[in-house]
């Protein structure tokens, strides 16, 4: 466990020095968006790795955060922190509403329910033209600012994003070490046994689900207030799939999987940009290949390598 | 009144597809406990294959449709051996993610092979629309209903009265006992996958002339087919049929009388309501258990 | 004092009537055994009493509290613990963590507190660890504290599961075929151990096939057959009872 905090320290150091040494705004932006992806992925990692559930609608929650906060600032001129808070609370409520009936059931109904929810949200993003601007998108979203200090340059926003990423990881690591983490790990290995020890399995799954949706919404808020213009395609089914691929690739059973998977997949488009049409298939293939040949993902691979090194020394 | 009949029949047609997709889900769920997220893509492939056979190769629809059924079966078996079998040892959740991956690969592959645009497929019988109770019905609608009715009858007979059908059911109820009774469980599971693929592909082939055939049509179909299965109780085939028809008619009516932009939302709403209220399914003998 | 009182418990699976109205009373501080031939419904009854399976009809009262069809986690909170015949230990957690998990009901910090790593949370977890270590010592499991539970031999895993159940500090301990898969030597040690639980004021209720174990340590034996209670009494009385012998006729008095 202590090792995890050391890794976090290392990540913090990298996150704060990298923007200073990267050769230009474009690369800083790549790092910025990578941070947002990782933030969203972290929530999903907790959900999949600890609660053992899949969400196929996280793009929808991401979008909820972006649209609610964006619209409140663009149409009603609300200050960003307030708009963001409302967006997070609203997302938490919707998540609870959907999660409660589905997580009570034994089985994997959440996956289908979130698939549906993600699609519905996308439909809403397109249909509610008055609020979201429909397919043409929503513009005029306020950037983040405290008084006269505007956080709208890539470097400054990058620090904002990565600060939140670090904090989210810190929270998650603490959680795993706590009573809740013990309960989650227990229910992961045996729901029946966990329930006989007094663990309300459905409740814990719901808590993790809501938390993961809030993190997704937070990512959406960060995205909207940097780009100041959003449109529905960003929040479609494909992004939900990408998130799942991030987790599987990085490794489902470690929070760091979100970091590795998120980093890798955020960089992938940079290499694929001429082969855009292949994007869909490539993601599916990565998912299948990793599952069949490398079930522990990248973090699993690193662990195995680490064990081999320790074994031979 | 004519409008109502129109909406109902439009709804029944799609409902039949949802029903068949739901049965496809159930077959795989009953055999392995896995919810197959690529089920919608099986239907999509059926539609795409019909397009290729009928519109590109110009084969007669009377050959193409049965061929699509057979090819669907092949897809089902390939799916079992390529995706499910390698992953089953890692647990159900991993297999489910695997089916998600497969669905994405199939979708991406379809996009590369057939392109991003919607494809047009000729109906089985190119006749003028038929008049029925004042409403004007597309002949393909009748084809869909008739073929499905035949398929359902065959299924009913198969599962209810043949040894093979009962063997498959035995495997899902108690694999160990079935094995001890001499049932070749692995082969029954493969047969289930085969039937699931075939049925879904058939559904796709039937619907191709009257709907938008696109590479990403599978996702919504999976959702709605799953909804049909849940309404009837996951694992309950007759239930899925009823559920699918119900869903289809509800959709048809809401698209007609309310707004068509939101009609896809209906399936999701129904899903959540059923899960909230009666997760075992509205028709009893389903398998949804509460923790 | 009556710790557990179940009346008229009925359970059917489709057309099969597993339990046809069973009454069970467990006295405080005793070791009560539930026996019966295969298919008698004893496993079903056991699962109902532990909250893992809901009953169709009946009344269950624990320490003067009606718990009806309460789910397992609520029963655990009241002090009912159980083990599993097919072992449900947390395979990839260490022995220490397994036992710590057992003490769950004595902790209370929530999600937010956990994430913020509030002092209360850290204190709770430290206390949990201390208690677990003490329990491990009592059960001679200390050398295995940091070993992954799944890598241990079966007999030790059994012990770990019992330790985990004990960490709950139960009033009633439900043991599900605890001797299954154990050697004669291990069974003897188990018998001594269960007997010793009386000193911790833990009431024990067990389902078991091993007649030597049952007759050796039980204060009271309840016999089921075909979903009904056919007899109950002291081990000696049960051994002699004709209906019981008849129910087991043809079955070897073998272990597990």
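Just so it is clear, A, B and C label the chains in written order, and each chain counts residues from 1 on its own.
We take it that a residue touches a chain if its C-beta (ideal position, glycine included) is under 8 Å from a C-beta of that chain, and two chains touch if they have at least 3 such contacts.
Note that the structure is predicted; figures quoted are calculated from it, not measured.
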Pieces of the assembly without chain A, by contact: B | C
item: Innermost chain, taking as reference the mean of every protein Cα atom displayed; value: A
item: Chain centre separation (chain A, chain C; CA means) in Å; value: 41
item: Inter-chain centre distance, chain B versus chain C - centres from mean C-alpha coordinates, in Å; value: 45
item: Rounded Å distance, chain A centre to chain B centre (Cα mean); value: 32
item: For chain C, residues that touch 2 or more chains besides their own; value: 71
item: Where chain A touches two or more other chains, by residue; value: 195, 201
item: Shared-contact residues (touching 2 or more other chains) in chain B; value: 291
item: Chain B partner contacts - residues on chain A that touch it in the complex; value: 48, 52, 54, 56, 98, 101-102, 104-109, 111-113, 115-117, 119-120, 123, 127, 191, 195, 201-202, 237, 241, 244-245, 248, 277-285, 287-288, 291-292, 295
item: Residues of chain A touching chain C in the complex; value: 171-172, 174-175, 177-183, 185-186, 189-190, 192-201, 207, 211
item: Complex interface listing, chain B residues touching chain A; value: 35, 37, 83, 86-87, 90, 92-94, 96-98, 100-109, 111-112, 219-220, 222-223, 226-227, 230, 234, 261-262, 264-265, 267-269, 271-272, 275-276, 279, 288-291
item: Contact footprint of chain A on chain C as seen in their complex; value: 50-52, 71-73, 75-77, 81-82, 84, 88-93, 97, 100-102, 104-105, 107-111, 113-117, 121, 124-125, 128, 164, 168
